[in-house]
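Take a look at the structures listed below.
The following pair of complexes shares a single chain, chain A, combined with chain B in the former and chain C in the latter.
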Partner chain A sequence: MTQVTPVRCFSALLLVACLATPIVMSPGFVSVCVFVLIAAIGAQGVNVVTGYAGQLSFGHAFFLAIGAYTAGVLGGDHGLSALIWVPAAGIVAAVIGALIAPTAVRLRGLYLSIVTIALVLVGQYLFVNLDGLTGGAAGRSIPAFRIGTLDLSPGRELQVGPWQLGRDQLYYYVTLVLLVLVCLYVRNLGRSRVGRAMLAINEGELGAAVLGVNTTRVKVVAFALSAFFAGIAGALYGSYLSYVQPDQWSLILSVEYVAAVIIGGSATVFGPVLGAIVVFALPAVIEKLPFLHDTGVAPANVAAIIYAVVIIAVLLKMPRGLIGLVDTFTRRISTPNKLPPSAGDGGLPAEPPAVLAPRLGRSQHP
Partner chain B sequence: MNTLLQALVSGLSIGSTYALVALGFSVVYRGSRVINFAQGAMVLAGAYLVSWLALDHGVPFIAAIVLAIAVVATGGMLFDATILRRLTAKDINSSVIITLALSIGLAAVIEICFGTTQRELGDPWGADTVSVGAVSLPASRVWGIGISILVAAAFVLLDRGTRFGLAMRASASDEEAALAVGVPVWRVRSLTWAIAGVLAVIGGVFLTAYPSSVTPTVSSAALAAFPALILGGLDSPSGALLGGVVIGIVQVLAGTYQPTWLGDNFDTVAPYAVMIVILLVRPYGLLGTRPAERI
Partner chain C sequence: MKVRPRTFAPAAVLGVAVALILGACGTTDADTTSEGGLKGPGVDSSAKTITIGEISALSGPAESVGIPVHDGLETYLKWFNDNGGVDGWKIKLDARDSAYNPQKTVQLFNELKDNVTLLNSFGTPTTAAIRPLIDEQKLVTGGAGIDWSDDPQLALLGTPYAPAVADLVTYVATEKAGKDSKYGIFYQNDAFGQANLAGYESAAKTLDLNSVSEVNYKPGDTDFSAQAAKLKASGADYVVIGAISPNAASLIGTAGSLGYEPTWLFAAPLFDPVLITDDGTATGKKTAVAPLIVGHSYASTYTTPYDASSPAPGFADVEAAHKKFRPKTPINANFTYGWSLGKIYTAIVEKAIADGDLSREGILKAKQSLGEVDLAGLASNPTYGTASAEPPSRAVDVAVVDDTAPGFLRVESKGYTSDAAASLKPSS
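Right, the complex of A and B next:
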């Protein structure tokens, strides 16, 4: 039943590498990985609303913040277990998302994008002023992930077999498990009725409506699901940082999440994960480059330039995102003789030439 | 009463600058169906170029502005011609992300070149103020209102009174139909990016002249132009101008009269609150057109 194919071998290797990373790599590297894993969970949220349903929303930072503050209030102020505050963070964010969504889905295309930008800015204003919940501009602490005796507070360690696992390693495994669950969910969503309805809306809203899709309801579901994943990611992010301030939930954060999905490949299961690796590990990698310290250029700026160039290159050359490259690669190793060699075109076999004429067909009004 | 009058006049002066920035968005939107999220970075680039030329190289202020306009407008046209048009996935989302990428990259380049410390613009007005009765305004702001009116009038003349304006409106209304009747759609589109460059530099000058200064945060002024743009309707230049003035006045009024229970910085979100309310009533802005839909 299970054949040994190159792709399966490669996947197995990848799995082993994922599991072994915290044990063999340095704590600094593991810490970057934890941020990437958390970001990948959040990026799946953007994937649902922007990738599947095609609604470009920049409101993600707001829902991440809602998740983090829910974790702070429930886990910190009330001392509840992570078994409660992690799902609660998602649910609170989803409920707020579902409350805002009916207003937002009235708007199409770019109007929606700008209104979600407003959501982030209004959110930051609220987070500064609702200091009972958020600690105001100074910020507040978010509790460590704790379920019964599994305690991820700083300084705690857990002995598993021969391995002594510290805070970073434990966060790595917890977030890895959650990310796998989220990816499974997104995979199933893409094959479900509502997931297909989202893709239909992405293709053309009027067309979807004519085919009998209740577009308003499906878009509200997409918003709420997106907010749910953002809430969970925000709770984990806050908990891993252990302290959050309103400044963090900025528009730039939202843009990074959207960029991760676009770079990786929207409306795919692993694209957003790949994109999260590129976007959220890049500054840490660049900081390590030795020659930068001599020039005195801030690593964040270099990261920003590289990241801008990568986005432009991906959008110009690989419309399906980086996942397109992976697809081409896996297809090539699994069927080495059947696929004619193509010059790394990003995996779109029948890509039309980039003509310098306006696209014919459906016009693109907002 | 004097406070109110002062607030209205200040609001008008800030609003006229927002109007220019919003007009830049609107012109590009009509030409390319893209919200140019890099408009804020173009404003920033314009302000830094003027400051660098005028202060570090002793170029006369007007010449510095002209040079900066040449650079930013050319940059905008090149970005459109070499990158935006070659976008393979021609959906709205990709074009938004690509202009965001330009914005992020450009802001980083500017920060590497000039650092994060604030610098002066090198304008000739200095700290002069003009007073009429109880209302006083920095000289730069008075010039700002005047120049904005001139620029807006020039744009309206171009848009309504010339063949080029007609071509611009034709390609905005239906690109394919315009192409079919012989409108040089791509040249028109390049020129809309050039106009956006002109508006960005002029907007940048008045956003950073006294009492402000040239800092990286100026690009966030473009965020203030978003509500202006949406308020008026994305595809309506006159809406952008109207929206800019309204948003400027709303912002200053909110700053002047904000009650303490609203907390800090209510004036920064007031324009967005107004925008959201307007959108609830009119989803395509005050003067925007509701697109007809085809399958």
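Right, the complex of A and C next:
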């Protein structure tokens, strides 16, 4: 019989909250949540290549764009179902990622970062000039998510029992389901041979090679997987936004994704999700604070400053990212009287992680 | 090395199951019909208030235009309410800041959509992102910088970017420039800049002009030395500015420092008086780029320039409201534009109240049966009907930039229009 523990109770409450959010919260809040869920899917891509494989990549915006434009061409120009264009967006991005990876994996650290930055800049130039596919600088429309008679176009709704779900709510549930699938995959990846090989490369490429890891191949897989998730996120992002233009796929967007993974906690399953909440929802939440509207400065500008201070504080005080805080919290509620005073302070791990053990947030502490 | 099947098998199985379940679900058309009579989204019958939503660039790269347009709209609505509103109804403005970001615009639209009667939206790419949502909500939307389209919900004001550029270039090419003159354009590389480019290319094609350079920049860029150098190298004598004023000032200043001083062409509504003085008024301090613009630049306009010493008819109310509600904000073309938008919105609301229907359908019907809206000479009067493909106007007033003239514009030709402007079509 399954034992009822505080952690399980808390997880159940969290699940209920996630499911109830679109029904009880305002459409504006649900809209922010949809963007966060999509960003969390994309952040898992950065998590794989940067968090697990240790390859710092700023090229994510490029792959997000590939996904969005693939959705536009397949779903919009050819009228195909989302059942085709969602995975296709990931596959096209992954193939392009795999083609670029052999060049990128020859480089490390700052050099790799520069190459991936160049990818974003080259991408923006291409997106502006490939008018037929991208609509050029003026942008193009991206179709709504449609599978059979399930149509998430504006103006459509679904009756589920007493609840009438509109477009935003439906997008919320679709992206939530996809995020769960992606998290499941990343969780299993961390336990798989290739996932452990990625972690080995992260700890030391030479050491990994000595252990028999084909480092080039594993890094190519990491790039392709990262691009796959980015492609799916880009397709969903474009579909929900309904319109994209090249200017949106900027270096800043890539930096936001990398920041989400670092802030949330890299090489963990739930860290990127937490990071996506902070990076993509916090500015909107801060902006709503009533006292910001009396400062005489645009609330968005004040919110940006507060947001920056919060991020710096998180990075300084929680080196493991927010997931460290969650670890501490879950351990406190599961063993409230047994926790050593120093454990979890500053987000530091209570015990040294095994070198090749997958760092899966709380799953490390069953 | 292979990923073990168990790595992806659970996710794949779950994914297929979810896809099958989703496919079995069927959505239906939402019932967007709202209650008839004096009820509808954004209508508070007990307090007798009607809320207009606004999503504008109050921060970010386009704030220099977004803020004064918002100020003008807000001032007009305060003045309107102060004068009794309409049949005892007051108009509220619920303003939000998009920071010129399409994603944020979608979020804000979702926050506002159920609680507003009309929407004022700012910006070309931002409004493009919410157009399907506007259509779904049947929400009548106006604003500055909205790209011209045949969408029945849009309540446009003035001449759209593309015909305004085409008119100005045609006027200069046929009335001012020599046969051997060279032309160029500097534009923001997004939907807004593309609309300017379309007008420029239409004029260049129609008149077979010698177009030597088309240079662009990304929104948010601040250094335009490469663009200035490229324009200078091309030898363009006339350069169209498809950019908002801070970027235009930066380009013109950089070009001046390179010794390149072509004739600058500002199509409506992109000539901003703050290019000439720091506050856009005749008494303000001259800017560094003013000498590079004044006397040998042209602008097209559809709003009447404001002259504090001798205001044109129609400015009496603007001045009174300005003095009472916002005395520190200068009256300029963007402020006047925002004020004029307010007049359009209240005219639509008045018509809907007279028709006894403040529902979404009632507001749209009121807009489509409104006919000509009298802007008291502040801007060209727009006419709204059921035929939405035609913009409010394809004509502009063409002026030379003159620091002694009202609003720094000395009008040379009123109601000018061109074949190049006539041939343009709205975006889909």
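Heads up, the rule we're going with is that the second predicted complex is superposed on the first by the 331 of 366 C-alpha atoms of A that agree within 3 Å, B and C clash if a C-alpha of one lies under 4 Å from a C-alpha of the other, contacts with A are read in each partner's own complex, and residues count from 1 in each chain.
Quick note on the criterion: a residue touches a chain if its C-beta (ideal position, glycine included) is under 8 Å from a C-beta of that chain, and two chains touch if they have at least 3 such contacts.
Nothing here was measured: the structure is a model prediction, and the numbers come from that model.
By the touch criterion stated above, A:Val128 is placed in contact with chain B and with chain C alike.
Of the two partner chains, chain C is the only one touched by A:Glu157; chain B is not.
Contacts of A:Pro319 after superposition on the shared chain: chain B is touched, whereas chain C is not.
In the superposition on chain A, contact is made by A:Ala298 with both chain B and chain C.
Overlap of the chain B and chain C contact sets on chain A: residues 128, 137, 298, 300-301.
Those residues of chain B that touch chain A in the complex are listed here as 29, 33, 35, 83, 85-94, 96-98, 100-102, 104-105, 107-109, 111-112, 174-176, 179, 185-186, 223, 226-227, 229-230, 234, 262-266, 268-269, 272-273, 275-276, 279-280, 283-284, 291-295. Listed in rising order, the residues of chain A touching chain C in the complex are 26-32, 35, 83, 124, 128, 136-139, 141, 147-159, 166-168, 170, 174, 177, 180-182, 184-185, 188-189, 191-195, 197, 213-214, 217-218, 221, 240-248, 250, 284, 287, 298-301. Those residues of chain A lying in contact with chain B across their complex are 50, 54, 56, 103, 106-111, 113-115, 117-118, 121-122, 125, 128-129, 137, 204, 206-207, 210, 251, 255, 258-259, 262, 297-298, 300-302, 304-305, 307-309, 311-312, 315-317, 319, 351-352, 354, 356-360, 362-366. Against chain A, the residues of chain C that register as touching in their complex are 1-4, 6-8, 10-11, 14-15, 18-19, 22-30, 32, 58-60, 63, 97, 99, 102-104, 106-108, 110-114, 125, 128-129, 131-133, 135-137, 189-191, 193-195, 216, 218-219, 427.
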